[in-house]
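Shared between the two complexes below is chain A, which has chain B as its partner in the first and chain C in the second.
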Partner chain A sequence: MNSQQKSEKHIRGGSTVAEYLLTIPSFVWLCIFFLVPTILVFAIAFRTADPFGGIDSGWTLETIANVLRADYVSVFWRTIWVSCVVTAICLLLGIPVGYWIAQQNPKYRYWYLLAVIIPLWTNFLIRIFAWRVLLHPEGFLRRTLLWLGLIPEDLFLLNNMGAVIIVTVYTCLPFAILPIYAAAEKFNFSLIEAARDLGASRFYAFRSIFLPGIKRGIITAILVVFIPAMGSYAIPDLVGGADGELLGNKIAIRASANRNLPEAAALAALLSLIITVPVLVAFLKQKRVFRIITNLRRSAGDSTK
Partner chain B sequence: MQDFFELKNIVKSFGENRVVKGANFGVRCGEVFSLLGPSGCGKTTILRIAGGFEDPDSGSVHLDGKDITDMPPNKRKINTVFQNYALFPHMTVYDNIAFGPRTAGMEEKKVAEMVDEMLKMIRLEAHAASKPDTISGGQKQRVAIARALINQPKLLLLDEPLAALDLKLRQYMLLELDRIHDEVGTTFIYVTHDQSEAMSLSDRIAVMNNGVIEQIGTPAEIYENPRTKFVASFIGDTNFFNAKVGELLDGEYCKVDMFGLGEFPSYNEHKLNAGAKVTVSIRPEKFRIFDKKPETDLNSFEAEVIDIVYQGAQTRYWVKAKDHRINIVTQHNRCYLDYKQPTWGDKVWVAWHRDDVTTLPEESPH
Partner chain C sequence: MKIYKIISTAAIALAALMLWGCGPSKPILNVYMWSDYIDPELVQDFEKAHNCKVVIDIFDSNESMYAKLKAGGSGYDVILPTTYMAKIMSDQKMIDNLDHAKLPNLKYISKSYLNDLALDKQMKYSVPYMIGYTCVAYNKEKLGEIENSWNIFGNEALKGRMTLLNDLRETIGAALFFQGKSMNTTDDASLEAAKQQVIKWKKNLAKFDNEVYKVGIQSGEFLVVQGYSGDLFQVLDETPALAYMCPKEGISMSCDDWVIPTTAKNKDLAYAFINFVCDPKNAAKNMEFTCYSSPIPEARQYVSEENKNHPGMFIPDDLYKRGELIRDLGEDNAKYIKIWDEIKLSQ
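Presenting the complex of A and B:
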């Protein structure tokens, strides 16, 4: 429906008014619990701190200038980098799993899905502590790998960036699998047969037909993995080392240990901007981006497989 | 003529269910060969085996003299038009048709030439940039055919290609398919459950039932000379009579006792012996209706008209004789209103020629 038709419908029918009325509860809910707190966080970033951990009455730009300092920049980059790696690994694992489950007999599919979801029934912190036990220098995993000679003596699995990535992937993976599975389940697998029929190898059919076919699922998976990963703080706190500190930890330290709310708010605001702006741009330009990519590929004479 | 594509002793089961029970047939180069049968008869499975999407449990597949049983689908010089077209929804009509040549690594200039030629053949030049979900069913069908034919396959498989179209479009697409076949000359294997499609398009038809090919022949052979009761009933309408072979007559004829109606001389194609139990099949249009016993060598019996359905080009009568209800069709080759027509309750004589009878042995030969 184009905008002209939409506005015509708006003029003619009372139905759209009713539609708007129905959205009011969720709109109010979003305003109170989402929009207002976000605005508060952005506002507090410009206030001065009082010596007792509260907010003073003055306004300042100093906090903002402060969080753009070099050592914060490196934390920002590390957070983005770790989130990207986690998202990539989740996709690499989630896409084949989603593809596989969608091709199973519908009778058993729900059991496999249940297996994906069951870990979520256990408390998040307990699962992270379980990973601490697993990854512990004297723990089962490292002992076994050492015994098999797969890792050198001086490699530790806990309290470093590797541990943060492994455990974040572990917690995010179900959220990546579910939207990918939902898209794969609706995918028409005879399209893959059609591609094979037309000469495509298994991998080429998967890449050129299946992946574009579940594009929406993949985009959702990226969003639901990348955004929480950017804000994660319990995982780096519990399994990360000194070099595994992420933005979430900085915010937590500023807010609780240092009692410097404006600085915590400034960091949080920056984090929201980093996440929101690219996502918004992607949403608005999604169609255009894809068209540009297609045109580029065509003009480059993309005859490669 | 040399068989160009051959299936030998193909057997295929899914779990306990044996869907193809030893299929054997050869397709000649350039012909349209139909696999015709009710749904679940195994025809689609045979097509999928030909395309390489299913492996037969036993038996072999040969194309142009080579055994291709173990060849994956992307290596076979065979392309398929899938039942629901299976057009790639994220690609334009142009990109769909170009998929095969691009996958083969052909340079874009050559691809463009070939796609343009295909678009011209299917008369969809104006829709090259459309996405599949914005074009009609008939257009999708033509894109699917072009996408398969652009690879210049040795064999084109069509899986119920017209099933999703409405009647008018189906008739139009049948003519289109015929035209395209004439233009490209590719060998077609056409799977359908619609006998009229198969009859109008095919050079030869294989009629399948329950995983078995019951008869292979030209449309006329299959219609006029069905070899089994199933073939006689599946292709067109017919009347069955339980009967017994009586005295053998000169030439290829015998007397057949059609219980209750009398004993009539009939063509004895299967050279059945006297006393054999048979089913006699007589097509509705082979009967003629007279108001008195015809004074010719036609077979005839007396009957009562119980129902009449006027259908414009023809009229369908149901007549009753003893325990039999017989279906008769008469063509109106002359003006219908100029003639006195039988009406409900009339006593009439139903007649047929001895050559228009098919006597089928009770145990159908496989």
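Presenting the complex of A and C:
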């Protein structure tokens, strides 16, 4: 009973002095290198810009009003839209792969995982340039597709939104597969067999037993794909077309060529706010899960008394 | 690439630190400039001649250099900003007016450059170092000879195989030239017309790009690209299938200028250094090292035979007449930024 009370206390978030002490280094680190810069970004968004690229001494709300105007909104929507498509594709590809790897013989499992991870050993930019070679207008892939008559003569595989989505999915996919696999590995597959025995179809069992079972893996996968995709800068710059500018590119241009740091900061601040939404939702959901578990345990404890 | 510059900057900073640690009592000249922009042999020659140590610190954009100085960065004796930024720094009293008595080699600087192009025609606060220009490279093997005009970007047959720079002043400037205007205009009607022109061109572009166009034109991905002369001539030297043209309507040129900040500690050495790089023999060495053009005509006799007619190193005089330097427009920069945003958003 005593130990159970203790574990309940843990779940509710209580902790001992030693635990606080242990978190101090990482807490200080996060304060200095994450919290302070983030606050600075938010603060600069309210400063006035001097015409030479510096930050003036005044305060203004104009920059914020400026970044909410119509033409930015379309860039925001484009960025959100692309990130959602990328996240959806990563899940569609990541869940079956995670499911499959988790069901393999443990002896070989790590080889499959290694195959997922190995591409990450190559520099990110080099992999993007490799895609440029692959999708080249005179390249093997486009030539083959043309020869097979699958694409029209005037369709290029590179320098358009399609290329941005393909390459972003490619770079994010390992980060989607890993948490899904981690969740699937702990999943008790005999539950699916039980569902099948009780008459569920294969797909029904997958949907209503397996997917809820690896929910936390899926939530993590969504976060680690969606957030970097929202801030994506190099990929749209290198494989995107004349219409391919995303929010990351806008921020870069404002901060450098346009010499307007406050506007860059305002866009960055807005971007972090947009990203906070899914994180917060996920966080609250997890809290609810915790609460349900705690309540269950408590009622279980009550009934044994 | 930027990363490369950061690494080289870090390496140089580290080297500087180690040298500093050795504690030579020699005077130190601190230079703040672009990367790979001076022949290292010349730096050694200067060190020997003046019994000093030269420490070179690198910046990758005028804006970052300016921001660093504004934030209180000092300790530099010589800085090499682009012309428009030198003007801003002079207007803001961040740099000295130059004492010509200490710079006898200024007599070598091209009069036609100073009269036709320069912002600081009397060299009151700056001395020109290297000139580059923006031109167009194309795939001669596939396209044959093409008309010497910005109009090439209106050619629908090349749809999806051309790039313009992702730089608002250069690209809007090209459209302004094409319409017979100055690339520094602030006239609203001209800018609106230029906007419509770039939007028309945009439909034929693969992308606006500052980085991959070099590899792209080389590999045949792009057939026509607008680019910087230094970049393009490196590629052109390696790829015989390519050719270049300087559109007859006009081209943008840029020059980097030596200036001495008011905070400089070693001004005599700074003057000596500027005078040293203006020596025609040294200018010739630097041209062959960078592929850019020094505004010192006397240097031609010292470059090797195969480079005597190199279009990157020796800009034909008529180009000076067709060329224009990008000026800083102060508050009016906002006009360009606004239409650039509209161009990017247009469908």
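Rule of thumb we're sticking to: the second predicted complex is superposed on the first by the 266 of 305 C-alpha atoms of A that agree within 3 Å, B and C clash if a C-alpha of one lies under 4 Å from a C-alpha of the other, contacts with A are read in each partner's own complex, and residues count from 1 in each chain.
Throughout what follows, a residue touches a chain if its C-beta (ideal position, glycine included) is under 8 Å from a C-beta of that chain, and two chains touch if they have at least 3 such contacts.
Since the model is a prediction, treat every value here as computed from it, not as a measurement.
S.K.: Based on the superposed arrangement, let me know which partner A:D197 touches: chain B (first), chain C (second), both, or neither?
M.R.: In the superposition, A:D197 contacts chain B only.
S.K.: Applying the touch criterion given at the start, work out whether A:Q103 contacts chain B, chain C, both or neither, answering first, second, both or neither.
M.R.: Touch status of A:Q103: no partner.
S.K.: In the overlay, answer first, second, both or neither for which of chain B and chain C A:T276 touches.
M.R.: Neither chain B nor chain C is touched by A:T276.
S.K.: Per the contact definition in the header, classify A:E245: touching chain B only (first), chain C only (second), both, or neither.
M.R.: Once the two structures are laid over each other on A, A:E245 reaches chain C alone.
S.K.: Could you let me know whether more residues of chain A are touched by chain B or by chain C?
M.R.: C
S.K.: Using the superposition on chain A described above, determine whether A:T122 touches chain B (first), chain C (second), both, or neither.
M.R.: It touches nothing on chain B or chain C.
S.K.: With both complexes overlaid on chain A, does A:D71 touch chain B (first), chain C (second), both or neither?
M.R.: In the superposition, A:D71 contacts chain C only.
S.K.: Tell me which partner A:H136 touches in the superposition: chain B (first), chain C (second), both or neither.
M.R.: Touch status of A:H136: second partner only.
S.K.: Indicate the residue numbers of chain A shared between its chain B interface and its chain C interface, in ascending order.
M.R.: none
S.K.: Which residues of chain A touch chain C in the complex?
M.R.: So the residues of chain A touching chain C come out as 51-54, 71, 74-75, 125, 129, 132-133, 136-138, 154, 156, 158-159, 237-238, 240-245, 256-260.
S.K.: What residues on chain C touch chain A, complex-wise?
M.R.: The contact residues of chain C facing chain A are 1, 3, 61, 63-64, 66-67, 70, 88, 92, 159-161, 167-168, 202, 205-208, 211-212, 215, 219-221, 330-331, 333, 337, 341-342, 344-345, 347.
S.K.: Where on chain B does chain A make contact in their complex?
M.R.: Of all residues in chain B, those touching chain A are 51-53, 72-74, 78-80, 82, 84, 86-90, 99-100, 102-108, 111, 147-148, 151.
S.K.: Could you please specify the touching residues of chain A with respect to chain B in the complex?
M.R.: 188, 190-191, 193-201, 204, 209, 212-213, 215, 301-305
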